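In the two complexes that follow, chain A is the common piece, with chain B as its partner first and chain C second.
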Partner chain A sequence: MAGYLASMAVFAGLTALMALGLNLIWGLAGMVNLGLVGFYAIGAYTTALLCVNFGWSPIAGIFAAVCLSAAIGCVVALVTARLKGDYLAIVTLGFAEIVRLIAANEVWLTGGTTGISNIPSLPRSMLSPMQVNFVYAGLVWIVVAFVALLLGRVSAAPFGRVLRAIREDEMVASVAGKRVLRFKIQAFAVGAAVLGLAGGLYAHYVGYVAPDAFTPLITIAVVLALTAGGTGTMRGAIIGAVLVVTLTEGTRFLAPLLSGLSPVRIAALREGLIGLCLILALSLRPTGLWPETLSKHPSEAS
Partner chain B sequence: MIGEVLQILVNGLLAGAQLAVPAIGFTTIYAVLRFPNFALAGHATIGAYAGVLANVAWGWPVGAALLAAFVVAGLVGVASDTLVLKRLRPSGSLTTAIGAAALGIVLENIIRFIFGNDPLGFDVPVLRDWRVSLGTAGGLRIGPQQVQAAAASIIVMAVLFAFLSFTSSGRMMRAVADNPTLAALKGIDADSVARRANFVAMGLAGFGGMLIGLDTSVDPLVGARVVLPVFAAAVLGGLGSIPGAVAGAFLIGIGEEMSTLVLDPSYRTAVGFVAILLVLTLRPRGLLGERAL
Partner chain C sequence: MTIRIPRRTALLAGLAAPFITRTGFAQSETIRIGSLTPQTGAGGPYGPAMVKTISAVIDDVNAAGGVLGRKIELISEDDETNPDAGVRAARKLIDVDRVVAILGTWASAVTTAVAPLCWENKVMLFTVSGADSITRLPHQGYIIRTQPDTNLQSARCADFMLKQGSKKVGFLSAQSPFAVSTYEQQSALLKAGGAEPVGNVIYDGAKTSFRSEIDQILKQQPDALFLNGYQPDLVVLLRELYRAGYEGRRLTPAYAANDKLLAALPPEAVEGLNAYAPSPDISSPAYKTVQGIVRANPDPYSCQTFDHANLAILALAKSGIASGVGIHDAVRSVGNEAGTAIHGAAEGVKLLASGSDVNYAGASGPCKFTPIGDITGCKFRFDVVEKGKSRLLQLS
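Moving on, here comes the complex of A and B:
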């Protein structure tokens, strides 16, 4: 039971990281990214390949995962820079599907649908499985705290103010002399790096990656986390992630009540619940539970 | 060589005709209601299941089952718009689009809950391919099932064009798509137009879903498997333009066939994605621009 809670804490931390990455791209800079699971997958596969095939250490592997995700984020941002909301949503959605398609088909590289196993994790010889869960949960949450602090600083800095200005009105920002394209690419790259970091941590925790783990459902869950918590704030992203994981994992405890149902039906109920909650969150409180407070000019305040 | 080129062209046109039906649905919603309805995949799946039930459980012929797929998916479309998406629209098109993606997951899992993950098949005879000899240039192989599906798609498109051109409902939809404010001033009820547009568009999605099911098999992911080329066709032609969606669908159908010359067939769906990236980089509003309907 305690081990299970620790593993829940790991997944909550990974979701929080993804929500933080999405928050920078979408919450602050206003670029919708429905392909975030693609960057998560790139991060996971990068470190998995380097550690399994070339014997890299997990830390070096995760570092490479972060760099590659950021680089691909740059390219995606550059290619899609001129696209507005609806078109960007479609293209990013497609991006994640392409990543999954490549992972499933390039068998020589990714092992195809069977995936890559035996990814090194914490030294299991020194720790019991239970301890592994606890130590990893602690590690993941230290990373979450570090990233949240860092992105919080970025958001409060002039850089963050420019991103919010771009989100509200790109034209005004560029008239004010800001290089909009450069800021957008930087924000997308940093956000993608955080998503890749989450993917790398995921790969080393589970020890196994396969295309099935990177479905659009993850994107929906992370968007739900950010929407529930409130887009634009780091705090909202983290609280939202904890809520979402509590909700989805918590339903496992209902399993005894649903014992008459087949596993397929229980899985369908849980996935449907994530979708339903996102719809409810969007319609009941589009600003999230802890919305961003924007400072207003004195003339507007009254 | 000429034979091969012709074969690719024929296959691409047949695939494009099937793709065009749900792509028209996607673009119609965009034209009238101004948001990309990502729940399209869920409605296509529902249509496929309605068709397979009508065909296998009740023994309806394929034509009648296609009609059932259209009507059931259309009704679900009206219901899901009234219950869910309509409430989200005031918060902006992106919020609605994300809500629609969530709705698609809910619909897919309702189907999974009821029918499970096992694929279902239609009760149709397997027909042998037609062979057309081209003399020295080789020969063509044409699947009768693909031809029937393409013919059904073209009939549906013809009916749709007649509906939009000659009926008052169709004219009202075009008016709202062209200029919502002016349409409202003329006394056109936006809610009723939204309902009709949803019935038609999601009906088309369901029809398209069943055609795909006929070609392969029906499972909860049948809609999700084709949304990428469908979105790509609509974006390629310019969101909101029905002729654009048709042109985009044929281009993508042919492009997918051509890609099999150099790429593994499992990358077919990626072709649409590459195509929209290329087109959007050169022409951010798609081939046929923003002209509504």
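Moving on, here comes the complex of A and C:
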């Protein structure tokens, strides 16, 4: 049981990292990025390819993954600079599908649908399989804490204020003399870097990447995590991620109560139950469990 | 800033706690076997029958008194046909339920992702995935695969098409780990046999129309098509091929041309369709048992998972060790040619307990394995669809 919980802590940590990355792009800067699984995949594949083909160390591989994700984030932000709302959502969703299709079809580079196996893990060589889970869980959550602190500072800094201003009204921000495009690209790149970091950590934890692992379902889970936790805040992103992983995993343990049903019915019920819980959570707390509190102008506050 | 936990949240957490710890305190007398099959996602059409056969074998053995004096408990998880979900489900099976074996992984990506967890934790993995790369993983003997690899399948298919007199063979393949290797192996064999492979169009199985892919391959005027897909995409492919007026031969894997496919299409669209399958041994008593369990013509996967369950239980009985290591050590010796021929674990467990040797022959084939865990051979059947019904053409 302990090993399993540690392993789920790793997955929750990875989801939290992705939610943090998305929070900067969407929660603060207001850009609806539904392509986050694309950056996650880029991060995972970058470090996997470098470590397996060129013998890089995982740390160097993850560093490269972060840099490449950020660079591609810049490009995507530039290309989509004039898109907003639903249009941006569709294009970024398309971006993630393009990444997945490239991974599935460019066999010479990515191994196609067979994927890349035997990716070295950070500490796996010296530890027992059980210990790996604990060490990795600790490692991932240290990274989550570090990223959350860092992004929290960014959010509280003047930079974060500008992003929130852009989210509320781009025109006003640019009239106030802020270079909107530059801020948007910076936010997108930093967010993409965090997503790439999560992808890199995932690749080294599981030891195997394949296109099937990067389906839009992951994007949906992370968006749900962020909305359930509360967009705009770092703690909301983390709480939401833990909640979503607890829900998807916790429902497994309901199966013994339904022993009269066939496994296919239990699987369907489980998916329905997860959906129901999230609908309930969002209809009871539409702004998330721990929403952003905005400081108001003194004249409004009274 | 203080952290406040609302009463409602605390209450919910309190309610959830017994479920989370429940399996942790369960009795330790049973031997647990896990099934990790696709109940949802692309493999959804196959998973339910696969679990059904596993569960039937286990019930049968339990009714006869269990194995090593203990009952067997089946824990079923859904891999959602997704490697990510598969890993999480396998973690639960291994760490929480402490299963001795995981049976029935279907998608190659899921099997490859789950395999390292199994061999690191000394849990036996039985799979029906076909990708050649799987048994070449450094698995130390912890993987057993009942599905023939692509080499074995390609040879039989190319041979069949040549004997039919095909001269120009086109390939339409769903993107999968076998799309390219199957084409390369078959085209080499077809060329050697005097036929011409005219191209391999790879499509994304999730699409809802394949008009452009069909136009592309029909431009080469093939007289035979090898349709390397799965049931959902094959329904669309066959309908559109019929509309496009294609009248040549069509060969497809039997797992794609199943009863559901025949029900979904008008008889004209499937007339003359050939299907191949590494054949379950339909003359064997084990196959008849599976027929009784699934109450239909069983697909190859449910025959294979039936064998997985029997092999795992027999290996437990033979080694006398109730763990993955026990299965690992004995799984190759429960098909001992010198032993008594058996077709189900329940009778085998009794024989082994009395000290005699057994020779298990399964529903999917003889179940003899190479050192890396591949089957050494099996029968292949070729079917033809006539007036909406499938008929056996040859079995060898």
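Worth a mention:
Here, the second predicted complex is superposed on the first by the 269 of 302 C-alpha atoms of A that agree within 3 Å, B and C clash if a C-alpha of one lies under 4 Å from a C-alpha of the other, contacts with A are read in each partner's own complex, and residues count from 1 in each chain.
Rule of thumb we're sticking to: contacts are C-beta pairs under 8 Å (C-beta built on N, C-alpha and C of every residue); 3 or more make two chains touch, one makes a residue touch a chain.
A quick note: this is a predicted structure, and the numbers were derived from the prediction, not measured.
When both complexes are overlaid on chain A, the residue A:274 reaches chain B alone and has no touch with chain C. Shared-chain residue A:32: touches chain B; no touch with chain C.
In the superposed pair of complexes, A:264 makes contact with chain B and with chain C alike. Using the contact criterion defined above for the overlaid structures, shared-chain residue A:216 touches chain B, although it does not reach chain C. Shared-chain residue A:138: touches no atom of chain B or chain C.
By the touch criterion defined above, A:253 lies against chain C but remains apart from chain B after alignment on the C-alpha atoms of chain A. In the overlay built on the shared chain, the residue A:152 is in contact with neither chain B nor chain C.
In the superposed pair of complexes, A:283 makes contact with chain B only, with no contact to chain C. Of the two partner chains placed by the overlay, chain B and chain C both lie in contact with A:104.
Residues 101, 104-105, 217, 262, 264, 267-268, 271 of chain A lie in contact with chain B in one complex and with chain C in the other. Of all residues in chain B, those touching chain A in their complex are 30, 35-36, 38, 84, 87-88, 91, 93-95, 97-99, 101-106, 108-110, 112-113, 116-117, 228, 231-232, 235, 239, 264, 266-267, 269-270, 272-273, 276-277, 280-281, 284. Residues of chain C touching chain A in their complex: 16, 19-24, 35, 37, 39-40, 44, 47-48, 51-52, 76-78, 80-84, 87-89, 91-92, 94-96, 107-110, 112-113, 116-117, 120-121, 131, 133, 137-138, 175-177, 179-180, 202, 204. Per the touch definition, chain A reaches chain C in the complex via residues 1-4, 7-8, 11, 101, 104-105, 107, 112-115, 117-118, 129, 206-208, 210-213, 215, 217-218, 249-250, 252-257, 262-264, 266-268, 270-271. Across the interface of their complex, chain B is touched by residues 32, 34, 79-80, 82-87, 89-91, 93-95, 97-98, 101, 104-105, 216-217, 220, 223-224, 227, 262, 264-265, 267-269, 271-272, 274-276, 278-279, 282-283, 286 of chain A.
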